[in-house]
Amino acid sequence: MEYSNGPVCIKDLERIASKVMPSGAWGYYDSGANDEQTKLDNMTAFDKYRLHPRMLRDVSNISTATTILGQPVPTPLGVAPCAMHKLAHADGELATSRAASQHGGVMILSTYSTTSLEKVIAQGNSNMQYWMQLYVYKERSVSEQIVRRAERAGFKALVLTVDAPALGRRLVDARNKFNPPAHLHLENFIDPEIVNNPDGYGADLSKSASETFGATFGANGDQSLSWENGIAWLKSITKLPIIVKGILTAEDTRLAIKYGCAGVIVSNHGGRQLDGTLASIDALPQVVEAAGDKIEVYMDGGIRKGTDIFKALALGARAVFVARPVLWGLAYNGEAGAKHALDLLQSELELTMMLSGTRTIGEIDDSYILEPESRWVQS
Amino acid sequence: MEYSNGPVCIKDLERIASKVMPSGAWGYYDSGANDEQTKLDNMTAFDKYRLHPRMLRDVSNISTATTILGQPVPTPLGVAPCAMHKLAHADGELATSRAASQHGGVMILSTYSTTSLEKVIAQGNSNMQYWMQLYVYKERSVSEQIVRRAERAGFKALVLTVDAPALGRRLVDARNKFNPPAHLHLENFIDPEIVNNPDGYGADLSKSASETFGATFGANGDQSLSWENGIAWLKSITKLPIIVKGILTAEDTRLAIKYGCAGVIVSNHGGRQLDGTLASIDALPQVVEAAGDKIEVYMDGGIRKGTDIFKALALGARAVFVARPVLWGLAYNGEAGAKHALDLLQSELELTMMLSGTRTIGEIDDSYILEPESRWVQS
Amino acid sequence: MEYSNGPVCIKDLERIASKVMPSGAWGYYDSGANDEQTKLDNMTAFDKYRLHPRMLRDVSNISTATTILGQPVPTPLGVAPCAMHKLAHADGELATSRAASQHGGVMILSTYSTTSLEKVIAQGNSNMQYWMQLYVYKERSVSEQIVRRAERAGFKALVLTVDAPALGRRLVDARNKFNPPAHLHLENFIDPEIVNNPDGYGADLSKSASETFGATFGANGDQSLSWENGIAWLKSITKLPIIVKGILTAEDTRLAIKYGCAGVIVSNHGGRQLDGTLASIDALPQVVEAAGDKIEVYMDGGIRKGTDIFKALALGARAVFVARPVLWGLAYNGEAGAKHALDLLQSELELTMMLSGTRTIGEIDDSYILEPESRWVQS
Amino acid sequence: MEYSNGPVCIKDLERIASKVMPSGAWGYYDSGANDEQTKLDNMTAFDKYRLHPRMLRDVSNISTATTILGQPVPTPLGVAPCAMHKLAHADGELATSRAASQHGGVMILSTYSTTSLEKVIAQGNSNMQYWMQLYVYKERSVSEQIVRRAERAGFKALVLTVDAPALGRRLVDARNKFNPPAHLHLENFIDPEIVNNPDGYGADLSKSASETFGATFGANGDQSLSWENGIAWLKSITKLPIIVKGILTAEDTRLAIKYGCAGVIVSNHGGRQLDGTLASIDALPQVVEAAGDKIEVYMDGGIRKGTDIFKALALGARAVFVARPVLWGLAYNGEAGAKHALDLLQSELELTMMLSGTRTIGEIDDSYILEPESRWVQS
């Protein structure tokens, strides 16, 4: 009866992180919008779906390998984009990138990383794909400059986050009046071209993460962004595949297909934006159905166990992403901690596959899952 | 990451009010009837309905403007009628009226206000509509006198509360043997014509709120009031539109249409009258369906967040009203506190619109909402 | 705002009784079988059903009068049979009978009363009906003797309890090793004819309640009792209407009709016999449907509020019975306490009628109630 | 009002065992996999099913006798296979076997017993059937040797556990780093033929249970086991009926029929293997339906009360097995404690039969049970 040492599950990492992190930063990582219904539902909604396992199959060799955007990866488990990993650990996104690359798969880097995109991708290897997460600013040249740098650095896709035309109302941050510590910088904005932009988007080393965030997301985020002026514009400036993050409906999935996106991430931003939407796992089936085989569907939100990943794959996700679990791992023990988080999830996924009689990711379909008869309906 | 100062959500105001108010008055404001199933369900029933938000729409200019009874108002959020605002703050209904008028929309004044209707409406402006809430007394001339004064003062509609032929059984008040403090007067009854009425309805300054309430609602409320003898009579004495408050069924909605009412307020009196009815939000759809486009449907009960307002509008309410949130704001900080309550709700509504891709009140319909498949049924 | 003095609801009486009664006797009154699922569900199941109230009806004169077994009674609220009222108060069933007769309706007396049936009925008046509850013993002459005395004393019906061929397993009593105090006697068994019976059923004043209970229910209850040998036999020895208590299914209701019973009481014995049955209120509709207009259907179990009575009537019960609430009232304050319990329930029923727009018991039907769409089904 | 002495229900035994056992051993007995959803659901899922009892039937003579694998047994209640009974009490499986044989029915012995199979079966009598539980090892001769010995000793069937190609992830054991105490031996492996096996499967008295478990289950369990290479092989080496333990689906039930098994045990291993499957009782109906009258269906998981047994029988199980309740009884008081556990369950089953009007096991069918309308569905 052997087990890995250290924290034995993701919830252990959460408990540890809640103790070792300063309360403001912890609050920022942890909080969801308003009453946190969606944040919590993201996790508990998985319980509704039950496994329907098959026995007496040869499970002596199982594999989690799959393809994403047409390229092979060793696992469908990736890292979701999160702002400011240095709030968790001084090594920040460098540590996360190293942990992820030992493990393989996709890492999505947040525009609001505290390490520049070039340094982050430099930790990668052939098992990894890096994707660059974007917001679009009133001054489009700022967004364009980030796209150009991501292309040059070798990012494989652009992830446009569409669920945040304004920041969600997170009561914990409001109570804490949280601002990131002054020594943290949003390094992607320390860029000559951006710094020179007259509207003050840019950041040099004298600007804190907080100031840059305010100047970009707060004051200069483009709230008029639309399918027409957003996706079409992005496609006009880059050849990278475009993935839309924050889709919760079949309707928007059909628009993503129409506007030529390569994939959608079913996500409610970890319950941090609009409180009261469906849990990601509950929204997934309708998106999968609308996507058909035209675009790839990924999901994030509430993944905390191997069975959660298995259920998302069974309901049609091609890959899943985790945000807070990796941040908790980082807070616990930097690179090793982030790797520990991914190791736990990966090994739990493998055990789930063995115990349910599935040997490849391709085999995992909805015949391995049961759901309660009642569903959410549109009237 | 900027937020308004002070309490960050309506529940904060509730907590503060529960501490600063005397326990008897707090109990009176807070309590529902019997086991408070309906009072609590009014709030939690909203959780069942989920938002179905749309992305990538231009939300740089959103507006909450709408029309009520044919007249434009800047917001569908109004103030429900509540007895005795001076229990919360010495400035009472004057403070509420000033707060509401900075904000615009509809304020419904309770017959049992501790400030006379003339003084309350004097705080208004062109962004505001005032409606007068009525009970009907055995001696109809008393009710008529209030109607006449409301007409003269400029009230735009009469709101007949029909869910209270007898007072609901509120256990907290029974335990506290609550009576309002002797220095409070129900000022609408300090009226020469009413005072002179032989049955002792009236109040002069020597009569406490408690005595007046007992003499009118308790002893002289007309329990024989019916569609025939109530609505028809009211229409015979006034040209003001009549709105019936306390409707929970399609059947009564059809009667409201038949008897020529201008609108109905779906309400269970904040759970203070008959415990065990549906939550207001759960009763709303059947009333909306019965109303068609013949009369306007409003609702109150349990609104505590911007998403609650959004859900009520999506299910067909033309406007919503809040009672306790405003009283809590008053208790917290008089006029500024009442305004803070309305500001929180208004800004949360606007954020909900942005995050769900709706730009006008007219756009908010049931395509933005999901409900659990099972509904309440009649056998 | 006037309320009756003293405890303001039935739950207050429960709390008081739990404090003033010796723990063994309290445990005996309170406990349900095994895990008490049914005992608790009896109460909470009412919450599922919601009121669908109608407004603007003349409710200035409401009446709770009805007929039971063809005779007028002032209220559909009656007293269920309970063993040993003297565990609650020295005045025992005399106090209960006096309280009930001030109030009117039906009182069912338990065979295992600590006051003789003749003394109990002597407290009655023309507003009252007394019914005698029976168990059938191996030695049928013992049961027959009780029937004869009930007939002579003026009881109007016999209530055969059929859900107790063996005593339910009540863990609290098992832990307490509860036995009634030695000075209490099951007075119906202090009867020359019974005492002389060779099998030792009878009790003289030297026999405690505990001994008599063991000698009758425990050792000599007739576990072979059936529709054929039970109901047919009873009909052969008496002309009194026979009511079967403890029916939970449509199937048995049809048998009750077939065997000529006058009514059935939907009951699970307050959750004290078979744990895991439906709550009484959930079992009621199928019994009502099977009964049609052929026999009367009553119910007991979990009635604690006026709205509970209203819901049972709306679902088709002709009358309802309460057990523990009356015992709690007795424990609180003897006759006055039992009356207080009945007064609370009666006045709450009247208020419910006013607030839901029903003026007579006849008007209360299932149009005043809503239920959740999902029901219990047989596979 | 007589009750058996001592603990009055299975939960009492659980509480006692949790106190008297060392925390590591208690953790091993108690724990389920991961978040223990399935472990807990195994018990609470029974609450959903409700009894539909029939009254007025002659229940003076009831019998729990039935047949299993064609042979009469006095009760459908048996003992599930559990590793290492000596963790609970020094008398271990000998005590369990003696307790079970006083009671009759089926006892399934775990391969990982701390008493040799020959000694365990020696306690039996003609009321008993012993079945031998198996795992299959890479080195098939080891499994074959156990089969041979079971045949010789008189075991009546082989139970192949199929839900454990790898050990479930039990967080409590991981935290405790639990290993059985060094003085315990897995006695079935102290076998000359096994000891001599070159891969080190065997155990002599110098090898602890922990070492043997690691050498067999951990390192040498055959993860490639399948219907083809597992069941077909087993049938080729023995004439004993083969029962597959750990089936949760109709699909696998059909395969069990196809491959010539005599029965299936619906089980999720007490929630210790794959967390997130259905509770056993919820999975039972679909297996029963697929089984038809071709093979026998048994179940284990969460049985704690007589009504649980009754519900499983009503839903189609031919027999049920209990694991933890017997272990708790053992921990409480060795043989007498294990017998107390079985006595409680047996007498509660009999009482349930009396109170629901069923006199034989054959009479118990789904007409005595109700279920909520919504079921688990495959999409």
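Labels for the chains are A, B, C and D, by order of writing; each one numbers its residues from 1.
Please note the rule applied: a contact is a pair of C-beta atoms (placed from the backbone, for glycine too) under 8 Å apart; a residue touches a chain by one contact, two chains touch by 3 or more.
Just so you know, these numbers come straight off a predicted model, no measurement behind them.
Novice: So which chains count as neighbours of both subunit A and subunit B?
Specialist: Per touch definition, common to subunit A and subunit B: zero chains.
Novice: Same or different, please, for the subunit A to subunit D contact, judged on whether over half of the interface numbers appear on both copies.
Specialist: Mostly different residues form this interface, as fewer than half of the numbers used are common to both chains.
Novice: How big is the rotation, 0 to 180°, that puts the C-alpha atoms of subunit C on those of subunit D, in steps of 5?
Specialist: Rounded to the nearest 5 degrees, it is 90.
Novice: I'd like the Å distance between the centres of subunit B and subunit C, where a centre is the mean of that chain's Cα atoms.
Specialist: Using C-alpha averages as centres, the distance is 43 Å.
Novice: With chain centres defined as C-alpha means, what is the inter-centre distance between subunit A and subunit C in Å?
Specialist: That pair's centroid distance is 61 Å.
Novice: Counting only residues that touch at least 2 other chains, which ones in subunit A make the list?
Specialist: As it turns out, subunit A has residues touching two or more other chains at 374.
Novice: Pull out all the chain pairs that touch, please.
Specialist: Pairwise, the chains that meet the contact rule are A-B, A-D, B-C, C-D.
Novice: In the complex of these two chains, what residues of subunit A are touching subunit D?
Specialist: 1-3, 8-9, 47, 49-60, 285, 305, 307, 311, 348, 351-352, 354-356, 366-367, 369-374
Novice: In the complex of these two chains, what residues of subunit A are touching subunit B?
Specialist: Answer in residue numbers: 34-35, 37, 162-169, 171, 173-175, 177-179, 210, 213-214, 218, 222-227, 229-231, 244, 246-249, 251-252, 255, 273-278, 374-379.
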